[in-house]
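So that we are looking at the same thing, I have put the structure below in structure tokens.
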Amino acid sequence: MIKAGIIGASGYAGSEVLRFLLNHPEVEVVGVSAHSDANKKVSELYPSFYQICDLPFLEDEDEVIARADVIFAGLPAGISEPFAQKTLDQNKKFIDLGADFRLDNPEDYAFWYGKKYENSALHQQQVYGLPETHRNEIKQASLIGNPGCYPTSVQLGLYPIMLPHLYANKHIIVNSASGVTGAGKKLTEDTHFTKTNESFHPYKAGNHRHTPEIEQELTKMSGEAIHITFVPHLLPVNRGIVSTMYIDLKKDIKLEDIYKLYQETYQDEQFVRVLPLGKQADLKFVTYTNYCDISLHMDERNHTLIVVSTIDNMVKGTAGQAIQNMNLMFGLKENTGLNYVGPSF
Amino acid sequence: MIKAGIIGASGYAGSEVLRFLLNHPEVEVVGVSAHSDANKKVSELYPSFYQICDLPFLEDEDEVIARADVIFAGLPAGISEPFAQKTLDQNKKFIDLGADFRLDNPEDYAFWYGKKYENSALHQQQVYGLPETHRNEIKQASLIGNPGCYPTSVQLGLYPIMLPHLYANKHIIVNSASGVTGAGKKLTEDTHFTKTNESFHPYKAGNHRHTPEIEQELTKMSGEAIHITFVPHLLPVNRGIVSTMYIDLKKDIKLEDIYKLYQETYQDEQFVRVLPLGKQADLKFVTYTNYCDISLHMDERNHTLIVVSTIDNMVKGTAGQAIQNMNLMFGLKENTGLNYVGPSF
Amino acid sequence: MIKAGIIGASGYAGSEVLRFLLNHPEVEVVGVSAHSDANKKVSELYPSFYQICDLPFLEDEDEVIARADVIFAGLPAGISEPFAQKTLDQNKKFIDLGADFRLDNPEDYAFWYGKKYENSALHQQQVYGLPETHRNEIKQASLIGNPGCYPTSVQLGLYPIMLPHLYANKHIIVNSASGVTGAGKKLTEDTHFTKTNESFHPYKAGNHRHTPEIEQELTKMSGEAIHITFVPHLLPVNRGIVSTMYIDLKKDIKLEDIYKLYQETYQDEQFVRVLPLGKQADLKFVTYTNYCDISLHMDERNHTLIVVSTIDNMVKGTAGQAIQNMNLMFGLKENTGLNYVGPSF
Amino acid sequence: MIKAGIIGASGYAGSEVLRFLLNHPEVEVVGVSAHSDANKKVSELYPSFYQICDLPFLEDEDEVIARADVIFAGLPAGISEPFAQKTLDQNKKFIDLGADFRLDNPEDYAFWYGKKYENSALHQQQVYGLPETHRNEIKQASLIGNPGCYPTSVQLGLYPIMLPHLYANKHIIVNSASGVTGAGKKLTEDTHFTKTNESFHPYKAGNHRHTPEIEQELTKMSGEAIHITFVPHLLPVNRGIVSTMYIDLKKDIKLEDIYKLYQETYQDEQFVRVLPLGKQADLKFVTYTNYCDISLHMDERNHTLIVVSTIDNMVKGTAGQAIQNMNLMFGLKENTGLNYVGPSF
């Protein structure tokens, strides 16, 4: 059994990882910590765990690190470095659910997050944890930057066309919408029920922090600098992300060829489903699962490819992907604990 | 591996049983049938199954029965008898998700469903499939009437006070609310999104068909005739039932004593959680799981006990309970395939 | 034109009154105040008012009182007395949206609200503002306790059977559900979108503060002490209350006779609609309007009358009723500013 | 009083026009017709009208035309011509809520709707009913093609930058999302509550019928051929459209300048609100009203302007706009019957 611990466990990301760990046949949860909720039981904060997991949140992260083989961290931006270092120093694995180990370029981190990388050596070891594009590195890694939720949906949606440079324009429009769990546990005006229910609006239009992460990875895939205009919207549902992406295509490329390319690219990927042409991806059919569904559409008149990619932001966008990474890092079957067949309604 | 088949598999009940069977480690699904959707694939109707279960719906129930050790039937009222008989004739087990094998009294069935029991001998063998109250019979049974969703929530909520006759009045008020999956897959004015969303209303007030089933079982529990006034409401959520029940208590009974009684009654039941006094049951914390959560409250001024019982209508109210019954009938651990830790949000 | 002011204007009740005043042809809004949001514009808090009403919230209530002919107060419990006194001292009208002038008995107020009536003389002048039952008093009143939302739905639903004593039992079960606006603007765990959406649960079961108000008025109607067991639930919609009430009837009373009685009782009331037998009241069809819809049902087997009463908690339950009271107090047609035909979807 | 009639009145568009007409001080509704629902009362289909408008749906459109000064038509595509001709022959006004009189080019109509213009002379008289861009023509018109809902949101969002040719690219990306009322009253799998609730997906990506209408009008505004890639999505709310539009800007144009241009363009338009920079348009704040709210954002890195435009699809997108057109055609104040201050929650 793998001994797993979670620090910063009381937020949505941490508690969802806990849920997946409890559903995982090869893992034992050895401790969870959370400063703000120290000494409360997990099930006090999240009553769905009542009589299933009544562990207390510890105050001391070190104790959790000491007990565990692998640490999942659901911490605020900018404070993960020392915990990661301690974990690595004990020859253990660290999977960061936040943004502290995703960006390669310290300047990107400084610009978008307003903070600095203090421990540069540590960042040399970080591996970007999107299994479909970095599987081999992940298997060797001890320190994972688990991808952001939006970036996961966008990268899986665009990956097949990046390397062959099918785009006619290196500037891609990404229009996304996310369920409210994406905004986390914190009470805000914008997540108050009466405000969000029967509502829909963009936020951080053109300047969301997930932008550099997406550009970094698309650029790696294609080998040339890719730019995106990214506008997320808040969707009045609990879970799920739909990213609708607009790509000017090079001439004479047919939708059928694109479709074949996507099928080939993902033929061995359990968690990416390329829907038959004529179908549309719908977040309903991926929620509570680790799947990413992709549908492909063409505006023939303008030779514009429309890719729609949908995930559950808390699963493939957070906790499921973290488990997938853990499985790879520990040599387990990649889908262990992730095979849950999700609800249709 | 148990070989399982589903007839009438294309409705919500059948498809949810299919989902639970696919998540069950000891079961192989050997066939599904559905007249109206014959030859379509499961995943065409329910895209969440895409690339997971692409079985076709067969037209012929007999073929499914021939292949299977256990049949789950999601058929309309009044047509299950011959399929059950065929299944039993082949020394196999039959779990009816509908109402055809729940009522002991043929007159109740005739009155509330407007149909007759044709095969009386068959009904002698039927066992009411609520494990918490009929476990031993279920273990021996070949023919199960799987309980209705509302009746499950009501019975588990009232069971502890029935035998000791704590009620001062044999007439109990049951006010329930159910998510829209309870109304099934059929398109109706009342389940059109724009009508149901931001709406709430009672239906079949005082004359819902689940009434006799509830009264039959409460009467069995208490040993004297119990009557209920039952009013269900349609709730603008996908899943879940909350039943709020009002019981005039005999004098001098304290809430704390009631609470102890509930704890004792359910101390060995994994799937019934009696919440601490002061907490309130919330459907949010049972959806997608087989749990029934119960909270207890007292109107001291009127010496009225208020019991709130909540389940997922599609799980403990339908498919999960059917699996629980199957496990009992086949000598498996009762919770096999049902231990999924459900989402908190 | 009537000059109207609102103190405590930044909460949901106050802002909804403001909206109705802006839609009223005979009213000019002369000032609004709100301590916590002083100097902000109304439209900053509630962007639907942008370019329609950009008044600032004043800090000083006295200034609003000085300018106005009528004051609406949306204050927290326990602080309205001095403002009411000042308003009356200036020979102006005061309509309190809160609970400070609803209860006749100071002991009820002390028991349920934990506060005292300081200015007893003032409470001698208070009139309970339910037009359908107190119209003549309201016309003469200067100080109105505008009814609570739940109490409005319950009283209108039960009024016709109270005076003729059709009930066989003076203890009535009231099961209610309210949309989330009923919980107000304050951010709480329970009104966080991800918690409330796809959820349903009771709260304050058996001990909600609206209980004494309901009992007080039912008792007045019937002339004998009436008791209720009242359990409210939180409904995942923005607006609307449905109260489902269970009344043991005296013998030999038929539903048809009850129906006639309701029709006669409300034949001259524009804002109470008694639905034809066989229909069920649905909050959908009253939201955004001042209507109360009532449907009547009978559990013949138990001789239990089921009355379903639905209103918009923010309109007939708060702001619309306050306007209706103002119209009566100022000799306007009772429905002025309230004739808006509401949306069907 | 203007005598108004509605043909094809039983659908969502027709019934919403009826609601606005009932709220209009200068209009008398003299008849409504609907084949499929002939002889039913309006309030049977839409219970919110109970005791307010209990008119029967007539079977014969001619009778409605004979009684009225102005006809609103909520008919399926392709059958409006003869009714329009009859109405004009009687020197009356005809406002078509459908798509039959929106497209100037018969080939566009043939291509996108698969039908032909039979009565070419009639189409010479049609005026496109977007008041903000065609006000003077509307005042003179007898035959109005009331704009589509998506096209209204898109045109108002892009109008200010079209004439001055601020775009660097004549191909504009339009990503829209609409509430479910946009799909109308018909029962479909896709509008079944359990499917739509907690869901989000695109539909008709790149080939929605509103595309040619948008391109036609943008092209008129700019004087050069504009192309759009248009992808609508289905939003799990009842009402409202948000269109998020991506425009490559010519060099050296600042957001502040764009903002000023929008303010100037719309300074005399009551129903278009340009939000302050830094705010984001939200459908919540326009629902149930005739407002269009616009917010402006810039992706500076890519010099891409992001315009967000939101309306209530049933009001500014259908019925409210039709009333606005009627007001102009009859010389009333343009906002008569449209000044309702909408709800904030």
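As written, the chain order gives the labels A, B, C and D, with residue 1 at the start of each chain.
Just so it is clear, contacts are C-beta pairs under 8 Å (C-beta built on N, C-alpha and C of every residue); 3 or more make two chains touch, one makes a residue touch a chain.
Source: prediction; values computed, not measured.
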Chain pair, A-C or B-C, that carries the greater number of C-beta contacts: B-C
Farthest chain relative to subunit B (centres taken as mean CA coordinates): D
Between subunit A and subunit B, centroid-to-centroid distance (C-alpha), Å: 36
Chain centre separation (subunit A, subunit C; CA means) in Å: 46
Rounded Å distance between subunit B and subunit C, as computed from the means of their C-alpha atoms: 39
Per-residue multi-chain contacts in subunit A, two or more chains: 12, 181, 194, 198, 236-239, 282, 284, 345
Residues of subunit D touching subunit A in the complex: 171, 173, 175, 177, 194-195, 198-203, 205-207, 227-231, 233, 235-240, 242, 244, 246, 280-284, 287, 295, 297-302, 304, 306, 308, 310, 345
Touch list for subunit A against partner subunit B, complex: 12, 15-16, 19, 22-23, 46-53, 181, 198, 238-239, 273, 275, 279, 282, 284-286, 288-289, 293, 314, 339-345
Subunit B partner contacts - residues on subunit D that touch it in the complex: 12, 180-181, 185, 187-189, 191-194, 196-198, 236-238
